[in-house]
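The two complexes that follow have chain A in common; it is paired with chain B in the first and with chain C in the second.
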Partner chain A sequence: MTQSYTDIANADAVLIMGSNCAEHHPIAFRWVLKAKEAGGVVIHVDPKFSRTSARSDFHVPLRSGTDIAFLGGMCKYILDKKLFFADYVLNYTNASFLVGEKYSFKDGLFSGFDASKKKYDQSQWAFEKDEKGMVKRDKTLANPRCVINVLKNHYERYTLDLVSQVTGVSKDNLLKVYDAFAATGKPDKAGTMLYALGWTQHTVGVQNIRLAGIIQLLLGNFGVAGGGINALRGEPNVQGSTDHALLYGYIPGYHNTSIATWKTLEDYQKANTPKTVDPLSVNWWQNRPKYIVSLLKGWFGDYATKDNDFGYNLLPKLDPGQDCSHLFIFDRMYQGKIKGGFLFGHNPCQSFPNTNKVRKAWDKLDWLVVGEVFHNESTDNFKRPGADPKKCKTEIFLLPSAYRAEKEGTISNSGRWHMWHYKAIDPIGQCRSMGDMVVQIMGRVRALYAKEGGALPDQVLKHELPATFNADEMCKKINGMFTRDTKIGDKEYKKGQLVPAFPLLQTDGSTTSLNWVYCGGYTEAEGNLAKRRDLAQTPMQAKIHLYPKFAWAWPVNRRILYNRAGVDLVGNPYNPDKAVIAWQDGKWVGDVPDGPAKPMAQGGPYPFIMQTEGHGQLYGPGRVDGPLPEHYEPAETPLTVNPFSAQMSNPCMKQVHASEYDVLCKNGDPRFPIVLTTYCMTEHWCSGSETRNGPALLEAEPQQYVEMSPQLAEEKGVKNGDVVVVESLRGRVEAVAMVTVRIKPFTVMGKTVHLVGMPFAFGWTKPKCGDAVNRLTTSVGDPNTTIPEYKACLVNLKKATKVTEL
Partner chain B sequence: MPKAILIDTTRCTACRGCQVGCKEWKNFPPVATKQRGTHQNPPDLGPYNVKLVRFSEHMEADGTVKWYFFPDACRHCLDAPCKSGASLPDSIIQDKETGAVIYTEKTAKEDFATIKSSCPYDIPRLDPKTKRIVKCDMCIDRVRANLLPMCVKSCAMGAMSFGERADMLKLAAQRLVAVQKDNPKAQLCDMESVSVIYLVADAPNMYHKFAVAEAANTPGMTRKEMLAGAFSPLRKIAQSLQG
Partner chain C sequence: MSVSRRGFIKLLGAGTACLGLSQLGLDLKPAQAYAARLKTEGCKEIISICPFCSCCCNTLVSVRDGKIINIEGDPDYPISGGGLCAKGAALRSLHVSEKRLTKPLYRAPGSSKWVEKDWDWMLEKIARKVKDQRDRDFMLKNEAGLEVNRLESVFSLGTSQMSNEECAVTHQAIRSLGIVHIDHQARI
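Our next item is the complex of A and B:
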C-alpha cells in the first residue's frame, strides 16, 4: 500500500477492483464505509456481485481477465477528455520524457521480441538521453515521442465500443465508473484503488497494477490523503513475508537474489545500483550497497569482513533466468528432481493450481517436514481418495505448530505498519513456534556439522544463529546495530547500539541490519515501536485519520508514500483540507515527508524518490512484458480472436510442460465454454485447513459450491442446490449449484459468455465437504512474478449423476 | 436504565462474526449443515443458533441487484408477548435493569407451541435435549460484567451498537436521517416496542418475513394486541380445549 488502512476514509472515490474487500478484508472495509458515509462514492468492479457490491454505491460486472481493457478505456477517457491533473502530470511524472526511437508497438508486440525465447530485449524501450546521460524532455509535450503522446497513441484503440465488447461491461456502466473515478483528477479530490488477488492472479497481473498506477499518476492521486494504490494483503502476514523476502527472487529489503554471473560483491552492487546524472533525483536505490553490506554483516557477523566480501559468496545463487517459483518447483518435483523439503504455513496440495499434478508431485518426495496446526491435504496427501498409502515412499515428519495466540511476534499489515502481537497462552502439548523450530533444527544440524562435517560447511556454519528464538531480539537484529564504536558527522555511536534510522547504515561493515526498511523501528529511547498503541495526533493529522504513534510504519514511520507529490512546487498541499504534509516556516509538518529537503521551487528534489529519474512512471521500461500494459486474453479464453491485436495471450507468459496435466484449452474451445474464476471466503481462511476445523465456521459454510447465473442453470437443467460436476481439461470437481442473480451472463463480442465462481477452501480431509477446486486451474503465470492465473480458466459443467465428494 | 441494541443493516456485510461469536460465547454445539444453494446457514434459528444472519437477494426490473443481510435474534420486546403467554411466573422473566427478556430453566415446563406462536418475530426454539425453550438473552452475563453483548463486540463493521435505550434511540434517529437520503423507504423496525432495533434501507419484508411484527404474521390479531399479549391466555384456553 502507498497509504494506510485508515487513509481509505479520506477518499472521494474508492474503486475496488480485483478485490472482494468486505468479504476478504473486512476490517479494511470499515474504512471504506467511513469514506462512503463522508460522501465518497464506492465502486465495485468484479465478475460477481458479492457482499462488497452489496455495500458499494454500485457494482459493475466484468469478465474475468479483462481488467486492462477496462482500465485502458479509462486511461483513454481521461486523456481524451483532458480530465488529468495537468500540473502534476507535467512536474511529477515522466510525461515529458522522450522515448527512444527503437521503441515501437505493432499488433500486440513491443519492439525487441524474440519469439523463440518468449523474451523482449528491454534495452529497446529505453528513454532517449543527451550526451551527458540526462533523459531528454520536452516540457511543451509537443514531441510525438513524449511519454504522454506514446501513452495516448497506445490507448487510442481502447474505444468505448471495443472495451465494452471485450469486457462484457455495458457502455453505460463503463461511463459510470470512468466519470466517477476520473472526477478525482481535480487537485483537491482524491481517489483510491483497492485491489487484491483479483488483479495479481492473472498472466497479466503485474501489468494490471501498472495500469492502475498510470491512471493514479494521471489523476494526481499519489502522495495525497485518500489516494494511492492499495494492495489488500493477506492476513498470513503477506506484507511482512514480502518485506523479509519469502519469495525466491529476493533477499530481505527488496534486493535481487544473487545470480551466478555476479561473482563478487562488487559485481552484485554494480548490477543492482541504479545511477542518474540528474542532481534533482534522489534515486534512493543508489544507497543499496549500504543495505546489502549491513544485511550480510547481520547474517554472518564477525565472519563478514571487507576481505571476504562480507560473506557474499556464501549466498546461494541462481542461474541466470532460473525460475524457482512454486510452479517450477512443483514441475521439478513432478519430474522426480526434488528429494525433500520443509513446508510451513502452506497447503500446496489444496491451494496450488493444477492440484492433481501437485498431489502426484508430492508423492515423489523421499522425505518431508511439515510444521502445521492441523492435518491437511498436504500432510495427509498419501491417503487422499484414490491413493494407496502403502505405495507412498515419502517419510513425513509432522511438527505440531503453535497457534497464533500461543506465540508473540510481529505482523506487518498492508499499510506497512509493524505491529506486535502478544502471546495469550502457552502452546499446548509439544507445539512450538516456527521460529523456535527453525532455530532448534538448524542448531542441531550445525552441531552435527561441527562434529562430522558435510557439504557446504561454511554456508551452514558461518551465519549467526541464536541459541533460542526470541521474537523481540529478532526485531532488534532486523533494525540493526553498530558493530563497533562509530562516529558519523559529529555524533558518536557505541558498539551494540541500535542504528537510529537507515540513512546511517554503512558500506564498511560498521552496521548490521537484517532489513533496511525496518531500520528505525526499534530505538534506544523508546524500545520496540511495534508495541506502541498511542492514538495521539496533531489537529492536522486528525483530519486525515493519521496516527503516527500507533505502532510504526516503514519507512521511517512514513504513513503515506510519495507525499511530496501531494504538494505543489512551493510546498502547499493540493488539498488544504486534507493535507498530508505542508511546508511551513521553513520545515515540513504533518506526516514524515519523503526526505527533509526543501520544496522543488526552492531547489528541492523530485517527489518520486524511489524511481531512478525521480518521476512517476507513466511509461515504465522495467517490466519484462512491456513498458505499457496491453490487453491480452487469459491463457484459456472463450474468444477465438483478441480484438485488440493478433497476440492472443501474454507473449512472455510463464508456462510449465512436464506432465499430462499441463494442458491448455485451445482458444474458444467448444468443449469448455464457461469461464471459471476462483476465490477465498469470509468464513474460511485460505485453503481452509484451519477453519474447516472450526465447527461454527464449517456450520456456516459447510461445502463446496459453484455460483452461477439462473440463465446458465436453465441451459444446463440445473436447479439451485443440485450437485453438479465442474470439469476442465485438467480435472473435475463436485459442487453444489448456487444459482443466483448475483452472477450475470456477459455479452462478449456479440455472444453470450457464462462465468461461474468457486471458492477454494474445501478439501477432502474434512469428509463430505468437497475437494480442491484448484484441480481445475492452470499452471501458467505472470512473466514478472510467476503468480499463477487462478482467476480465469475454462470449464464446463453438468448435473451430477453420482456424488462422491459431497 | 433499560438498554437497547441498534442494528444498522446498512453497515452490515454479513461477515457473520455475530453469528459465530454468539455461538462460541454460548459454547453451543455444532449443527450439521449442508450447502443448499445459499450462504444462509444454518437455514434457520435453532436451539444452538440464537443469532442467525439471514441473506435475501432480489433483482429489480432494471437489472439492479439488491442483497440484504439481517442478523436475526430476539428483539427483547418492552412488553414481551412470550412472557405474557407463559403459564409459570418465573419461566420467562424480564431483567429490570436492562430490559433483557430471559428464558429460565423452567421454560422446560412451558408449552413450546404457545410460546413460539406468541412471538411476532418467530424467535423461540426448543432444545430437544433439555426441553428448554431457547433464545438470545442479550448476553446478560456479559452485560452485568460491563461487557458488550457478544454480537455487538464481534461486529467489525460497527453495524451494531449497545447502550442506554435513550442514547440508542437518538443514534437510531440520526442514522435514519442519513440513510433516508438515498433510501426513502428506510425505517427503524418497531422502534417503540422493542429493545433490539433494526435500521433497514428498504421494505422490511425484503429482508425477512418476520423483520417487523405484522398482524399478517399472526392471523386474527392486530399488532397491538399481539404485542400486548392480550390474546395469549385465550389461545391457551383454545388449545387446551382442542386437546
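Our next item is the complex of A and C:
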C-alpha cells in the first residue's frame, strides 16, 4: 500500500477492482464506508455481485481477465477529454521524457521480441539521453516521442466500442466508472484504487497494476490523502514476509539474489545500484551498497570483512534467468529433481493451481519437514482419496506449531504498520514457535558440519545464527547496530548501539541491519516503536485519520508514500483541507516527508525518490513484458481472436510442461466454453486449512459450491442445490449449484459468454465438504512475478450422476 | 496526556463508581451478582493480533490460569475500532481446538499412520536428512564453471504466518544451507 487502511476514508472516489473488500477484508471496508458517508463515490468492478457491490454506489460486472482493456479505455478517456491533472503530470511524471527511437509497438508486440526465447530486449525501450547522460525532455509535450504522446498513441485503439465488446461491460457502465473516477483529476480531489488477488493472479497481473499506477499518476493521485494504489494483501504478515524475502529472487530489503555472473561484491553492487546524472533526482537506490554490506555484516558478524567481500561468496547464486518459484518447484519435484524440503504454514496441495499435478509431485519427495497448527491436505497428502499410502515413499516430520496468541513478535499490516503482539500463554502441548523450530534444526545441522565437515561447511557455519530464538533480540538485529565505536558527523555512536535510521547505515562494515527498511523502528531512546499505542494526533493529522504514534511504519514512520507529490512546487498541499504534508516556516509539517529537503521551487528534489530519474513512470521500461500495459487474453480464453492485436496471450507468459496436467485449451475451445474465476470467503481463511477446524465457521460455510447465472443453469438443466461436476482439461470438482442473479452472462464480441465462480477453501481432509477447486486451474504465470493465473480458466459443467466428494 | 478510548472508558467507570450509586438508594446486589459471573472476571488481558488478513486487527486475549478464556477485538486499534470479522471472532475456538497438532508426528515411508516421537528424535533425524541431502547434491559451480554454491534438490515453502523476526531468521537459515527453491504465499 502507498497509504494506510485509515486513509481510504479520505477518498472522493474509491475504485475497488480485483477485490471483494467487504467479504475478504471486512474490517478494512469500514474505511470505504467512511469515505462513502463523507460523500465519496464507491465503485465495484468485479465479475460477480457481492456484498462489496451491495454497499457500493454501483457495481460493474466485467469478464475475468479483461482489466487492462477496461483500464486502457479509462486511460484513453482521461487523455482524450483532458481530465488529467496537467501540472502534476508535467512536473512529477515522466510525461515529457523522450522515448528512444528503437521503441515501437506493432500488432501486440513491442520492439525487441525474440520469439524463440519468449523474451524482449528491454534496452530497445530506453529513454533518449543527451551526451551527458541526461534523459531528454520536451516540456512543451509537442514531440511525438514524449511519453504522454506515446501513451496516447498506444491507447488510441481502446475505444468505448471495442472495450465494451471485449470486457462484456456496457458502454453506459464504462462511462459511469470513467466519469466518476476521472473526476478525481482535480488538484483538490483524490481517488484511491483497492485491489487484491483479482488483479495479481493473471498472466498480465503486473501490467494490471502498472496500468492502475499510470491512471493514478495521470490523475495526480499519488502522495495525497485518499489516493494511491492499495494492495489489500491477503495473508497476515505477507507484507513482512515479502520485506524479509521468503522468495527465491530477493534477499531481505528488496535486493536481488546474486547470480553467478556477479562474481564479486563489487560486481553485485555495480549491477544493482542505479545511477543518474540529474542532480535533482534523489535516486534513493544509490544507497543500496550500504544496505547490502550492513545485511552481510548482520549475517556473518566478525567473519565479514572488507577483505573477504563481507562473506558475499558464501551466498548461493542463481544462474541468470533461473526461476525457482512455486510453478517451477513443483515442475522439478514432479520430475524427481527435488528430493526434500521444508514446509511452514502453507498448504500447496490445496492452494496451488493444477493441484492434481502438485499432489503427484508431492508423492515423489524422499523427505519432508512440516511446521503446522492443524493437519491439512499437504501434511496428509499420502492418504488422500484414491492414493495408496504404500506407494508413497516420503518420510514426513510433522512439527506442532504454536498459534498466534502463544508467541510474541512483530507483524506488518498492508499499510506497513510494524506492530508487536505479545504472548498470552505458553504454547499448548509440545508446540513450539516456527522460530524455535528453525534455530533448533539449524543448531543440529551446524553441529554435524562442525564435527564431520561436508560440502562447503563455511556456508553453514560462518552465518551468525542464534542458538535460541528470541523475538526481541531478532527485532534489534533487523533494525541494526553499530559494530564498533563510530563517529558520523558530530555524533558518536558506541559499539552495540542501535542504528537510529537507515541513512546512517554504512558500507565499511561499521553497521549491521538485517533489513534496512525496518531500520529506525527500534531506538535507544524510545525502545521498540512497534509497541507504541499512542493515538495522539495534531489537528492536521486528525483530519486525515493519520496516527503517527500508533506502532511504527516503514520507512521512517512515513504513513503516505511519495507525499512530496501531494504538494505543489512551493510546498503547499494540493488539497489544503486534507493536507498530508505542508511547507510551513521553513520546515515540513504533517506526515514524515519523503526527505527533509526544501520544496522544488527552492531547489529541492523531484518527489518520486525511489525512481532513478525521480519521476512517476507513465512509461516504465523495467517490466519484462513491455513498457506499457497491453490487453492480452488469459492463457485460456473463450475467444478465438484477440480484437486488440494478433497476439492472443501474453507473449512472455511463464509455462511449465513436465506433466500430463500441464495442458491448455485451444482458444475458444467448444468443449470448455465457460470462464471460471475463483475466490476466498469471509468465513474461511484462504485454503481453509485453519478455519475448517472452527465449528462455527464450518457450519456457516460447510461445502463447495459453484455460483452460476439462472440462464446457464437453465441451459444445463441444473437447479439450485443440485450437485454438479465442474470440469477443465486438468481435473474435475464436485460442487453444489448456487443459481443466482449475482452472476450474469456476458455479451462478448457479440456472443454470450458464461462465467462461474467457486471458492477455493474446501479440501478433502474435512469429510463431505468437497475438494480443491485448484484441480481445475492452470499452471501458467505472469512473466515478471510467475504469479499463477488462478482467476481465469475454461471449464464446463454438468449435473452429477454420482456424488463422492460432498 | 493522550488517553486511549479503552482507557477513557475505564476512567469513566471509575468516576461513576465514586459517585456511590448505592447511596442513591439502588439495590446493587443483582448487578454485582451478574458481574461476578462475567467470564473474563479475574483475567489478564494481553494484546495480540489476528492471524488472518493483512488488516492485522489487534486483539485482546483474556487469560486465566494459563488458559485462553476469550479473544475479542481491541478497541484501541485505529483500523478496526474493536471490530473483528467472522474468522477473527472464531479465533478462540481455533486456539483451543482439539484438532490442534500438539505432539511431533512421524510418518515412515509407505506407512498409512502417524507415530508420536519426541522432539529430540525428530530434530536429530531432520538434521541428518538435511546434511546428507546437501552433501550429496551441493553445487559448487554451474555448467559454465562459475561459482554458485547452491543446493537445488531441497526447497523451502512458507510462510506469511511467521512474525518478521521468524521470517528474518528463516531466510538466513535457508541461505546458509544454499537453498534456492524458496517461495511462499506472497506469490500465490
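Just so we're on the same page, the second predicted complex is superposed on the first by the 805 of 806 C-alpha atoms of A that agree within 3 Å, B and C clash if a C-alpha of one lies under 4 Å from a C-alpha of the other, contacts with A are read in each partner's own complex, and residues count from 1 in each chain.
In this text, contacts are C-beta pairs under 8 Å (C-beta built on N, C-alpha and C of every residue); 3 or more make two chains touch, one makes a residue touch a chain.
It should be emphasised that the depicted structure is a prediction, and the values quoted were computed from it without experimental measurement.
After overlaying the two complexes on the shared chain, residue contacts for A:Asn720 are found with chain B alone; chain C is out of touch. In the superposition on chain A, A:Trp552 contacts neither chain B nor chain C. Shared-chain residue A:Trp583: touches no atom of chain B or chain C. Once chain A of one complex is fitted onto chain A of the other, the partner contacts of A:Val438 are limited to chain C, with no touch recorded for chain B. Of the two partner chains, chain C is the only one that A:Thr691 touches; chain B does not reach it.
Of the two partner chains, chain C is the only one that A:Lys263 touches; chain B does not reach it. Touch criterion met: A:Gln704 reaches chain B, while chain C stays clear of it. In the superposition on chain A, the chain among chain B and chain C reaching more residues of chain A is C. Judged by the touch definition given at the top, the superposed model places A:Ile27 against both chain B and chain C.
Using the contact criterion defined above for the overlaid structures, shared-chain residue A:Phe49 touches chain B, although it does not reach chain C. 26-27, 30, 682-683, 695-697, 700 are the residues of chain A that lie in the contact sets of both chain B and chain C, per the superposition on chain A.
Only residues 22-23, 26-27, 29-30, 33, 37, 49, 51-55, 59, 682-683, 695-705, 720-721, 736-742, 744, 806 of chain A touch chain B when the two sit together in their complex. Chain C meets chain A in the complex at residues 2, 4-5, 46-59, 61, 63, 66-68, 71, 76, 78-81, 83-88, 90-91, 93-95, 97, 99-112, 114, 119, 122-131, 133-135, 137-138, 140, 142, 144, 146-188. Within the complex, the chain B residues that touch chain A are 10-11, 13-17, 19-20, 23-24, 29-39, 41-42, 57-59, 63, 65-69, 156-158, 178.
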